[in-house]
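These notes open a run of structures that come right after.
Across the two complexes that follow, subunit A remains constant while its partner is subunit B and subsequently subunit C.
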Partner chain A sequence: MHSGSEAPGSLHALSRAALALPILAIPVEAGAAEIGEMGFTILGYKERGLMKVVEPVLWGKARIGETWEVQANVALDIVSGASPEGVSNISGTPVQLVSAASVTDRRYLGDVRVSRRMGELTLGISRSFSEENDYRSHAYGIEARWDLNERNTTLAFGYGQSADSIGSTLEPTLDERRDTREYLFGVTQVLSRFDLVQSTVTVARGRGWFNDPYKFTRTFYPDGAPAFLFDLRPSSRDSFAWLTRYRRHVPGADGTLQAEYRYYSDDWDVRAHTLEVAWQQSLGERWAVRPALRYHTQGAARFYSPVVPRPAPAELSSDPRLAAFGGISTSVRGILKLDGGLLIELTVGNVHNTRDFRAGGNGSPTYPTLQAWYGILGISRPF
Partner chain B sequence: MALHGFNFRAMAAEHELQLHCEDAGLARAAAVRAMEEVARIEAKYSRYRPETLVSRINAAAGGDFVAIDAETEGLLDYADASWRQSAGLFDATSGVLRRAWRFDVERVPTEAELAPLLALIGWDRVERSPGRVRLASPGMELDFGGFGKEYAVDRAALALREGGIGSAVVSLAGDVVVLGPQPDGAPWRVGIRHPRREGAVVATLPIASGALATSGDYERFIEVDGERHCHILDPRTGRSARGFQSVSVLAPTCLVAGSATTIAMLKGRDAGLAWLRGLGLDHLCVLDDGSVVSSFARG
Partner chain C sequence: MRAWVAVALLACAGCAPVAPYQRAYLARPDMALDASPGMMRAMERTFSAKEAANGGSSVGGGGCGCN
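Moving on, here comes the complex of A and B:
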């Protein structure tokens, strides 16, 4: 660069004029710019004696050069107390049962995502895996983000494909596959200096084995032999999900409103609405607190039934996740920023799902009320 | 060593001092000197107050010479050096453009509105002789906005040093001087504001000492037909700078750091980056597409 030979002269001339004034010249000493981050998160989950999950996650994110970015996550799930479960009417009305067999399982998860910015376009590819002794999943995805309007508008397009292998410790010969293709389209719009809205539509088409090998339904009849059915679900599932998020920073209150609404529907006739509202309040330089309230309501899958009718249908599941119910979750997160960029976040939350919370009533009568506490501890720091 | 923090308001913005000092009384005394120094500079060079020296020079434009002191001469020498080194882009008489650019209404001035103002711009028509200054034409204006705040940061840092403080940060609305590392030797961590996300930082710099200035297109701007027009205006065209969302530069003085950021913004993306590389000063720029260019070594 030819101007390079002239510019040190510029610095000299400016410095000489500046230092003719009664001010200090302070020797410059600075370290590397911190643009990447890495962190460690532990998620603990306890569900009223039913299941306990501990999920330590290690993640990192780094910018390489001016245009590349790499993100990676590695996680280990430890699930204890997970048990085969089913619904039986042995005591008269159908109730959720947990069989005596108890499983402790480990699940390994990892994903890596590489993206490259080329002006207004950012292209990314991702690869992920998840593995436990009876389940394996591999997925890849490609995505593009297009910034418009001085980055005030961002369009996102994504495609993902996953291949899952399903086995069972109860049935060692089980070896089934499921393939899912996912398409995503999203828009992020900066509305003003203080608020932005993001809306994303995801359409997924799944083909293959959807049965849960650990779920069963057992029904006794006043007359005749009892029926026992393993989970029997359709061999395809097409779903549509629409998530809209809104964030608004309120400078006067030094807080941020975070609201989101998600609509979900699939061709199993499950329809769900989820609304979450949170407020993140800064308390001085170091502390922030974020209370959140979440409401979820869903309708049952068309083949959901807690009892096996006679004659037995071709499709039937008593899995409570496919029932009609509603849930309210509350959580509080404390955020502490320490010197060195260390960020500590602790979230404590409660989940309460019951048939009575379903919007408009009509919750599935046999839906087992679930009450659980969870805690998430996250630590991250720049490097 | 205890850390003492002081917040104060001057030049229509919020400022902050943080300093390490054993004695709370000494800390307070040094901070008060620094804050008084900022207030003194504002009272002398603000263009918004009719009684200031700058207002008197502007009121006399096209008329008589106005007597100035050594400090003002030094600042005008600095404005002259900036004008020369930027080949006329940094012009202390370009403040008249504010008459057409009102950033509280979303309207872009027309050529017809800008033309008479451009005719009033020209550092080469600031007549100076020792101890006095005169603006050649009526309507011309001197504006210390491009370097007055930076000078105030440098002066506040000196006031703290003279008050016996060795470890401090002076922050005047985004312009920062780090006087020395923290008592345990650790650098201060200075966050650079994200130009598009309120309340977020785009990068964090560990600075043990030095002056960091940032210019951005987010301080005062309007958006018309999807195009952003910011308050950094080109004295040749009267139009807003393009190509950067923000430019931060680290230098031994805030004055030099500040002129380097403004000149880079005015030069535009490619010429601006070349200018910064040529200066040899560490910089971190957010380009108009949002990508970050940084010369600060990566760890």
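Moving on, here comes the complex of A and C:
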């Protein structure tokens, strides 16, 4: 979690509390000379038998004058290793195939956000980009926040639009587009001196090319010629996501409960629930530890199938991300606060996705179990 | 939309306002709803590329060809 260096009861904490804005990640006044914060984070992620990801991120945010805030991030996403390709039942049962050769892909991404506070209203705009050799995405967003009830309640409204260009290293002539519009409404409510809750609904409407050009399904029949089908998905996707986040500090334990739940559904018939619960325990003035548990369960898309039925349908994908499965992730974060506001955070976690973890059972029989480990190192300081 | 505004107003009705000078605990770093930008991006990268569900907290983030 984002943090500064002050403890409750100090002069700095009281001045921050007086101007506390529940849904802004940057303190309005962290100190007489501090106008912002900058940091560096690096992610290392490794899947068993599959790919590896390294992603360094450089970020910064600052106040300009009394009413303006700017935030910018740049990152490089480096993916290497074996990539899931298609599904084939040549061995008798459908199994996931991976690329024979190790692939390396680099993605450059960044975004900038500018906001201005005008009394009880804050308006913000954002611009983001993501570039890799076979995918480009450019997006912008507009957000408005309205503080009510002596800043105990905040309403948020947002609109975003993205334009994606999809190509393929296997098919140089592929040049497709996808456009997405997003709408957000959220409420943040201070419940008491010790807890607050935020609930946000996001509706997205996507139109264009959704196929994965690297995925295919190959099916052998006991009679007749085998079938081969590239990934074929609908040309639209409408989705709904409802995220609720809760924080409660327990002074007697000097710890804080952090809980989040998200419900997701779309017109591909995917239904998903994601729950994360964490406890951040202070250990003296400088140290804190945060164990966390995340559970995810989802149903399959209506056109998900590891085999090509006869006759072949107009829509079909054997992409395991569209299958029915569940996942459990555990992590622990250590947090160290040093003099001058320097903050060091180290998170280590694992991801275990399997058909057996799906809530209520009925996970997709051919879903390939995913085992992965990750580590995230973050360093930040105010300025 | 009107239903959500009603939910928001109902949520407010049951809560006594907390004055600014009473918000010391709410201003704690571990009470922030968002982690640092770098940490949030790293966590999203870890999970979003392997699940069908995404989004919920912001808009205008764009997409990727993550595999």
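The rule we apply is simple: the second predicted complex is superposed on the first by the 347 of 383 C-alpha atoms of A that agree within 3 Å, B and C clash if a C-alpha of one lies under 4 Å from a C-alpha of the other, contacts with A are read in each partner's own complex, and residues count from 1 in each chain.
We take it that a contact is a pair of C-beta atoms (placed from the backbone, for glycine too) under 8 Å apart; a residue touches a chain by one contact, two chains touch by 3 or more.
Bear in mind that the values here come from a model prediction, so they are computed numbers and not experimental data.
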For this session: Would you check which partner chain A:Arg63 touches, where first means subunit B only, second means subunit C only, and both and neither mean what they say?
Result: first
Exercise. Which partner does A:Arg355 contact after superposing on A: first (subunit B), second (subunit C), both, neither?
Worked result: neither
For this session: Mind working out whether A:Arg193 is in touch with subunit B, subunit C, both or neither, as first, second, both or neither?
Result: both
For this session: Have a look at where A:Thr274 lands relative to subunit B and subunit C in the superposition and call it first, second, both or neither.
Result: second
For this session: Would you check which partner chain A:Asn73 touches, where first means subunit B only, second means subunit C only, and both and neither mean what they say?
Result: second
Exercise. First (subunit B), second (subunit C), both or neither: which does A:His249 touch?
Worked result: both
For this session: Check the residue A:Asp147 against both partner chains and state whether it touches subunit B (first), subunit C (second), both, or neither.
Result: first
Exercise. Given the touch rule stated above, what does A:Gly119 touch, subunit B (first), subunit C (second), both, or neither?
Worked result: first
Exercise. Touch check for A:Ala139: first (subunit B), second (subunit C), both, or neither?
Worked result: second
For this session: Name the chain, either subunit B or subunit C, that contacts more residues of subunit A.
Result: C
Problem set entry | Contact residues common to both interfaces of subunit A (with subunit B and with subunit C) | 1, 3-4, 8, 13-14, 16-20, 22-23, 25, 27, 149-152, 190, 193-194, 249, 251, 256
Problem set entry | subunit C residues touching subunit A - in the complex, by the definition given at the top | 1, 4, 7-8, 11-12, 15-39, 41-43, 45-47, 49-67
For this session: State the interface residues of subunit B toward subunit A in the complex, per the touch definition above.
Result: 71, 74-75, 77-78, 80-82, 84-85, 151, 154-155, 157-158, 161, 177-179, 181, 186-187, 189, 196, 198-199, 202-211, 218, 226-228, 250-253, 255-256, 259-260, 274-275, 277-282, 284, 288-294, 296-299
For this session: Going by the contact rule at the top, pick out the subunit A residues touching subunit B in the complex.
Result: 1, 3-4, 6-8, 10-11, 13-35, 63, 66-67, 117, 119-120, 147, 149-152, 190, 193-194, 249, 251, 256, 339-341, 382-383
